[in-house]
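One structure is given below, represented as structure tokens, and several questions about it will come after.
Letters A, B, C and D name the chains as they come in the text, with residue numbers starting at 1 for each one.
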């Protein structure tokens, strides 16, 4: 199964009631210690290569495994600003405000609360992709913890 | 001079955007039909491109990510794919026009038939893309393109009634004989030319080619603040020359050869030679800019290795894209199509490409995960939002205006 | 930067990973993250509700199936193992040089069959005009 | 050819609606006019004649400037030749716009005939200008009787042709 198979799949409640679509898939990245050790490593890379993030300002973590945490379920498809509403960004007004409004009601369900996933296997069978939630699932807030935290 | 060289990227970008072959003719058409009454559009366009190119340059310098990578990342494969198709079409059409434009300019200089120059021009463009260092390319093509300043010199030598030119420009209104729809068609065409998306693709990728970092934000500022206003100035002088010499004679510009007549009248053969050299350089520069942009956009969308700073073998598909684009351009030109008419078609694709390019730039320039402390300030954001509205209105209005006026005729 | 051992970072696939540039340790672009393959605990099939993790980054043809529908057997898709990922920032950086990745065979093919054969194809433009 | 005719149709309607209708209506009218080129209102036909004549005037005036500059030695031979060649193309367009026009009544038919004559006169003058320019740069044509002897002769011929164009334009209600 790929993340792409889950995205935009229709989400059904335990009783089969439609709840929305999968707008995103939340993962948990294991952040590991820089092998080279500490904050100096970033600067070394800058000289060694061209395409590395050229500034220490942008967030960049050394990562290990990536675990599947859950699915973000929204009232409609993700549209064109994938995930923009889950960040704390407020400018440029009014774009974030409009996107957030469009995605009001988006919630997170834990992967443990997913009972079944049907992925369309035939060509053009895109509409058949469905995710059914388990009985007693909980709707969690969709916001991501702030980037600086 | 040193400052001018430091701004070579901005200058080449602006020359390719403001005075490429389509705009050389369009500016003269505008001057000969509407006088200076559309000068405000050039000013509006300069401010807009300065705003967004500086954002794109800042994003590239701080995060190392060029504009089309951001377009894909923020819009996802579908919407970015639509932008890619439209932008690639604009790149290809403009590249076609520029290769034809180089041939037209060389025809002026030599009276050898343009068709014979086309393969030569295309080969020369490819050799530069294949072989020449990015900085050398931008210095030579950008600064030679500035020879078009001959139009400004010509304007002074013509000794026009400055008061009259100013009266045409403010308050702006279409001359009585012209239909308002034609006036607005040209307004949109000029604005679209100033804001044409390949400028930000080229500028931001050029920033990566030149290895800008957060320390180069000053260079970024110099580039946009020097380059684009210079481009706008050239654009205005061409229109003004036409307004002074051709408008009173009742001449409607339809070809490149008419564009240079005021220069010959003002400065004789010497100034004419300077300007023709400038036209060759400007169209050549625009050809390089659009050929590279076609490679940049496709490579950045699909994640391929790209860049002129790499050996061609280390960016194989990027170079293959540019070769194919040049071959297509030559193929289109061999059908004897009018290169200037080709650029008119790109207006249609701008309607898709403009919003889908400038929205992601504005959004990412506000994202602290990309920009850290270098996110947009309030004033830039306010201006950016206002310009987004203008861009969308212009882009949407372009197509009905083009149909209604038969492309301004 | 403080010690981050054991810390975890929550990311959303679409927002933070999909469509991002993949770079090798020398900064050479390898591809874009066109999809992410998931796997169960032992590397087997994912089961709903059971522990799952990202197994590989998929690059290239998978984009066409995401855009236009259809399906390609997973084994046929060019993939980069998630184990080879070093850093996640505005780009995804690998710990393995691109020449050792099977996923970039198209680039290699174009290079070896076409571009490198044109005179000057291996010329370094930075070395002088 | 088809593209050219369509272009001319768009053009005449633009001018005409400019005088009579709101811009919004123009969009629809133009789109329709582009589809049915053979049925024209008398006003549209007249406007098409005026448009072609305006193009001819533009070409003639351009030629006048080019000849003057070449006589003063302010322009090179190749540039002058390209200018004149481009003007011949414009005149060719103007002529074909007139020949493909279907006049709906006798008045517009007469205007068309006058217009064609005027455009033809300008074309003759531009052709003469090219011959003069070629002779001036020392080709085989030097000394040929059919080539105007001086720039002044040429400009006189051009003025006559442009006067005829102006008259025809005034008749067609042009600017």
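Everything that follows uses one rule, which is that contacts are C-beta pairs under 8 Å (C-beta built on N, C-alpha and C of every residue); 3 or more make two chains touch, one makes a residue touch a chain.
Source: prediction; values computed, not measured.
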B-D against A-B, pair bridged by the larger set of C-beta contacts: B-D
CA centroid of chain B to CA centroid of chain D, Å: 32
Distance from chain C to chain B - Cα centre to Cα centre, in angstrom: 34
Rounded Å distance between chain A and chain D, as computed from the means of their C-alpha atoms: 65
Where chain B touches two or more other chains, by residue: 63-64, 76, 309, 369-370
Residues of chain C whose C-beta touches two or more other chains: 14, 18, 28-29, 66, 90-91
Every chain pair meeting the contact rule: A-B, A-C, B-C, B-D
Of all residues in chain A, those that touch chain B in their complex: 46, 50-59, 78, 80-82, 84, 87, 89, 91-95, 147-148
Partner chain A, residues of chain B touching it in the complex: 61-64, 74-76, 79, 208, 211-214, 309, 359, 362-363, 366-376, 378, 381-382, 384-385
Sites on chain B touched by chain C in the complex: 63-65, 69, 72-73, 76-78, 80-81, 130-134, 136, 299-306, 308-314, 316-317, 319-320, 369-370
Touching residues (chain side chain D, partner chain B) in the complex: 6-7, 9-11, 14-15, 17-18, 23, 26-27, 30-31, 54-55, 57-58, 61-62, 64-66, 69, 73-79, 81-83, 85-86, 89-90, 175
Contact footprint of chain D on chain B as seen in their complex: 107-111, 177-182, 245-246, 249-252, 254-255, 257-258, 260-261, 264-265, 268-269, 272-273, 276, 400, 403-406, 409
